[in-house]
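Input: structures, listed below.
Two complexes follow with chain A in common, the first pairing it with chain B and the second with chain C.
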Partner chain A sequence: MEALITFVLNFIYSSATLALIVLGLAMVFGLLGVMNMAHGEFVMLGAYSAYVVQSLGLNFIWAIPISILVCVVVGWLMEWTIIRHLYNRPFDTLLATWGVAILIRKGIEAIFSRDYKSVDQVMPGTIDILGITYPSYRLILIAIIIFLFVTLFAWYQKSKTGLRIRAMVQNPGLASAVGIDTSRLSTVTFIIGVSFAGLAGVLLAPLVRVEPYIGLDYLLSSFFILIVGGLGTLEGLLIGSAVIGGSDALISTIFDKTAGYLSVLLLSILFLWLRPDGIYSRR
Partner chain B sequence: MKRRDFIKSSLTAVAATAAFQTVAGKAMAGSVLKVGVMIPLSGPAGLFGPASKNVSQMAAEDINAAGGILGRQIEIIFGDAGLPPAEAAQTALRLWRGEGCEAFIGMHDSAVRGALINVFKEQVPYVYCPNYEGGECANGVYYVGETPAQSVVPTMTWLANEKNCKKFYLIGNDYNWPRDTNAIAKNTIADIGGEVVGEEYMPFTVDNFDSSLAKIKDSGADMVLITLVGGASVSFNRAFASFGLADNVMRLGTLIDENTLMGIGAENSKNVFSAASYFANIETADAKAFAESYSAKFGSKAALLNGLSTSCYDGLTALDAIAERAGGLSVKEMDSVAEGTAFGSPRGDAVMKNRHLTLDIYLAEAKGTDFKIVKTFSKQEPGNFCKA
Partner chain C sequence: MAYTLVVKSLLLAVLILIPFLTNSYFAYQLGLYLLYGMVGQGIALCWGKGGFLPLGQALFFGIGAYISGTILQDSVGWLSVISALILSILIPAFIAGLVGLLVFDRQIGSGPYFSLITLALSLLGYQLANSQVWITGGFNGLTGIGGLPGIDSYGSLYFFIVGALAISTFVLVYLIRTPFGQLLEAVRENEERTQFLGINTSLVKAAAFAISGAIAGLAGAFFAPHQGIVTPQVVGFILSAELVIWAAVGGRFGFIGPIVGAVLIGFLASGLRDSFAYWEVGVALVFILVVLRMPGGISGMVTSLLRRFNIDILSNNVSSRSQIIPKKNNLRKPVLKFDNVSVKVGNVSILDNLSFTIENPGVHCLIGPNGAGKTSALNALTGKLDYNTGNVYWSGKSLKGIRPFRTPKIGIGRKLQVPSIFSNLTVRQNIDIAIWVNRLNIKHLFSLRPYSWGTNLLKDLEESFPFLNKTDVHAGTLSVGQRQMLDFAMTVLAEPDLILLDEPCAGLSKYETEKMILAISKLAKTSKATFIIVEHDMHVVELLSDNVFVMHQGKLLAQGSLEEIRANKEVQVVYAGGSK
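Up next is the complex of A and B:
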């Protein structure tokens, strides 16, 4: 019973954090068609913001506005100088954003060196829940992520900006004809997307390792989720995260981690082959 | 000048210079001795590149100040060993045949070592520096790092006795070093009457250890032997502590260095033990002097010293000691006198035995993000991997 509860909590935790990581990438790719290879680097920037805030002795909460500020500035620069010239040229954006990813990685390496950094937990320790001992910060994180997704979903469905974005995605020409500034809207969407990545970095920093190359790991797992979940919907993203996180957790628990990782790769290959649009496609 | 002409003429110039250098290198043998130092300048182990570079330079300066090797001043030429084995081997070949290096030092993984041994074919002396899984005995190759027989056996036995550990869980990355280390650890566990309650090998890509942690908890293990490498070790140890396992379960590793401990963080480092032939804060006079002159030379913000980077110092010192004893740099001469060569280094006194070193092993306990030596195991024998 204890093992089952631990498994369920681990499953919810890994699905939730995966969903949080992939959210920004899904927005930018699903809505703008830009495959942002530097997505993981924005997660990394978020984690380093948390590290800087902590080493300055400030309250951890400051990491959130600071990471968003960093991501807005870097994201805006990136969109303004590179991305906006490459909309509708998917392969070129892929290469260009990969270049930016290297630049950000090396920049951080130049400032902070390659050494591992450690970010302390906001709420260290464990609490007893449902008869098992579980890390407190993980439970808080799960709650924050659920709240974030509910808010975002409501905003996207109800707000005017959400409506404009949906209009732009469905028919960019018609959207600009009725007076929607699609170029500005694209910039805003891109910036919001990378800011979510930064936020994910801040929230995860206390639990993971922090070094300049962590972005690559997050990019890879994000890919698998997008392949399985499909593009352009929050539902697909959540299902993708649950399928990838769940199969890894389940197979790893029954067999070992190698089998778990293998199952993720096999699933991704099967999806690419049989359902290239993913489980939940808007197309 | 037209662009094409410019490129052509510069290429000619480069080729001419290279040709001149090769010829000159051979003609002037007797003056400067070039030593190829293969260290990770890129890739996952690139983290250890800066400190390894600093330490190698320090060793070269110390050797030169004492008159060089065989009366010749040495010059270090670095090669990147952080590449895939085949490319690293190409780099080494270029340093050897192209640049005229007459001896090699290597601080890199075992896969690269295998590739380099194939390139050198017993024709050039090669000192392999870091700790490794043991089992090698190629001609012309000298191993200055500790093997599991030295690092795992005494420390695990002592710690298990001290902390009354009976159930052991072995977790590592999936390649030969963790597997060979654990094979030796399992014998030790049997010898001390313990029980192996789990053994797991992780692909390098894994950064979520939840399922393993659940298994460790379930198994009732009271000691975990960690042979995860670098980032994986950091992620594992952080998650381990966050689940509240750190209070009652000892963690022992033979590759938890100063950098890894920084990443694990003070919050998560309770009951982390590390066994190695060097830690940056060993309290011996030699080690202290070394650490002081390192920070005096490269500043207090220089890349952290650890067992891996410092092993480059031992590598160059060993090369010096064996070559002086042999009176030459040929593999034959050096092999014939290597046995019994003694030398001192920052980590203590060492004697070469079966192409490996008999040396002191330290067991350190993490206190925050620092190591504190809790026990020294002096003069540990490397074991014999050389068939008669």
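Up next is the complex of A and C:
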């Protein structure tokens, strides 16, 4: 029973963190049609922000505004110099953002070296819950993620900007004809998307090894989730996170990490072949 | 072509002479970069020619290296060397082909899925190489790999590498001239159109990917004896990314560019990597610049420079159409039947119990206001649109679930609403591909003979549309009217029994419209095929139609001769803007 509860909590925890990471990519890919190959690098930038904040001796909480600042600046630069010129040219966007990903990786590697950095636990204690002892930071993290999702979803459904974005996605031409500044809106959407990645990086930093190449794993697991869950719905995103996070955790526990990775990769290939629109599709 | 042959022979001569002109260490280093360049050639085949980007090509290189390393560890006979080479080619090719088949089967275009899957595969390869110590030696790698028997790895092995490179270059250059290569480029230009010309495009792409995997594996097979050690880095994503960068910077549209890129950046990196911390950042910047500003890379720059001096190294020889293929005998009595076909997307009814039957050859026009479902009906017929209920029958067979690339085989040809041609191919190449529909088999795919095929119908079409004779003009430079005509010609060249023309006269001038009408009615008389023409221009309908179908809100509203339709009260209501 206790093992089961631990497994369920671990499952919720890993699905929730995955959902947070994929959120920004899904926004940018689903709304703007831009496959941001540098998405994982923004997670990495967030994690390095947390590392820098801690090594400067500041409170961990500072990492949040700093990482968002970093991501807004880098994201804006990226949108302004590259993405903006490539909307509706998905293949070129893929290439260019792949280049940016390498650029950011190599830049961080040149500054911080390839070594692992560790970010200290912010909340090392545990909490007794449902009869088991569970790390309190993880529980707080789950709560924060749920809060973020609810807020973002409500904002997207209720706010004027959310309405404008939805209008732009459905019909960009008409949206700009009725006075919506679609190019600014795209910039804002892109920046929000990468900032969420940065935020995810900060929150995960105490739990993972921070190094220049972590972004790649996050990009790929986000991408697997998008394949399985399908584009365009929140339900799909959550189900995809649960399927990918769940099967990875399960297979990894039974066999090893490589087997877990192999299983989600095979699952994604099968989905591309048999259900190319994912479990939940807009169509 | 002769010109490029001279250039390539000269380059080969230089490569052979290099060990005699420089020191042996230089040649040894060059050998490694040439191997990377070979992998780059495979990337160029997929990316430059096929339009899809493999991001994990090091996987196949590494598999080749591990296979040949394992075999060379134990034995030193030539038999084992040859078996190592064969396995290092076949196994990566098989894996690449299989992955390609699965991923391309349902995805059209060059979307991110394929690239990311290959990237993930390379990451998986890296993990496996690290964890499966019993095969790979794990983190420390496969060590103690012997050289080829009697061959000095620091000396004469170089010539074997140059030989392998010469072979891969020759094979690729030949391959791209064959119908297979032309079809691969057609897929890059317009995959949907290629499917409606009867090509299983996913198979073409998967084959190209398998070939690129084979070449990478061959390069890897030489890597093992060359380096004497194979570590997990060889299958990893870092090398994969570098390979893509080298191919891009050198130039991905040809097969020399990737080698130039690998050699140039390779030597620069070995000199600068350690002394200049931001070297790799600089390389990434150059890559982004190439992607954004000069997609042809270094080799593209050289080509356009040469063109300025009127040296065109890319011009193709055009063979004459000496072999006239006889006309198809396909004129059975066509029966097309739509039986209660309904399509709903969300709350919107696209087709609403659409039923009609066509039993006579001739020209049937499909008219109706915008949004009536005319194009959707054609989409349902050709497998582009799934229907929820009902069925479509052609010659008694159900077409439910048919894949678009199968429609030409059962005698259906389709011209899409927007003229879709292969813009970066010449008019001649566009027509070649159309002539090959239903006539090309596996054997022809890799021979040059199909370029000499012609038909009498083509001669007729060239009379109607003289610009079709301008063989070396790129189709993308044609006017809208000419594109429509080219698209029409390509649709009918397969001599289908059922010809679907979606607004063939859209965007045409009055004069061009008359020419098009003339060509269609001439073909209708001589071929006795069945035409379904979606058209808004009543002038066209008047001149061409034997029979008219009127659609409204996804349903069939009326059917009959044009006089009957004009007299129909319901049709008048719809077209006069009244409500029903």
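For this structure, a couple of remarks:
Please note the rule applied: the second predicted complex is superposed on the first by the 270 of 283 C-alpha atoms of A that agree within 3 Å, B and C clash if a C-alpha of one lies under 4 Å from a C-alpha of the other, contacts with A are read in each partner's own complex, and residues count from 1 in each chain.
Definition applied: a contact is a pair of C-beta atoms (placed from the backbone, for glycine too) under 8 Å apart; a residue touches a chain by one contact, two chains touch by 3 or more.
Since this is a predicted model, take the numbers as computed values, not measurements.
For the composite obtained by superposing both complexes on chain A, the positions of chain B and chain C are in clash.
By the touch criterion stated above, A:Phe91 is placed in contact with chain C alone, chain B being left untouched.
In the superposition on chain A, contact is made by A:Asp248 with chain B only, not with chain C.
Of the two partner chains, neither chain B nor chain C is touched by A:Ala154. Of the two partner chains placed by superposition, chain B and chain C are both touched by A:Tyr261.
Look at A:Leu163: by the touch rule set out above, it reaches neither chain B nor chain C. With both structures placed on the common chain, the touch criterion links A:Leu174 to neither chain B nor chain C.
By the touch criterion stated above, A:Arg209 is placed in contact with chain B alone, chain C being left untouched. Once chain A of one complex is fitted onto chain A of the other, the partner contacts of A:Asn10 are limited to chain B, with no touch recorded for chain C. Looking at the shared chain after the overlay, A:Lys106 reaches chain C, while chain B stays out of its contact range.
Between chain C and chain B, the overlap after aligning on chain A sits in one stretch of 5-13, 41-49 or 131-139, namely 131-139. Chain A residues 217, 220, 256-258, 261 lie at the interface with chain B in one structure and with chain C in the other.
Across the interface of their complex, chain C is touched by residues 35, 37, 82, 85, 90-92, 94-96, 98-100, 102-103, 106-107, 109-110, 216-217, 219-220, 223-224, 227, 256-258, 261-262, 265, 268-270, 272-273, 276, 283 of chain A.
Residues 51, 53, 55, 99, 102-103, 105-107, 110-113, 115-117, 119-121, 123-124, 127-128, 131, 237, 241, 244-245, 248, 277-278, 280-281, 283-285, 287-288, 291-292, 345 of chain C are the ones touching chain A in the complex.
On chain A, the positions that touch chain B within their shared complex are 3, 6-7, 10, 13-14, 113-121, 124-126, 133-135, 137-138, 207-211, 213-214, 217, 220, 248-249, 252-253, 256-258, 260-261.
Across the interface of their complex, chain A is touched by residues 44, 46-47, 50, 174, 200-203, 205-212, 214-215, 217-218, 231, 234-235, 238-239, 242-244, 259-260, 262-268, 303-304, 369 of chain B.
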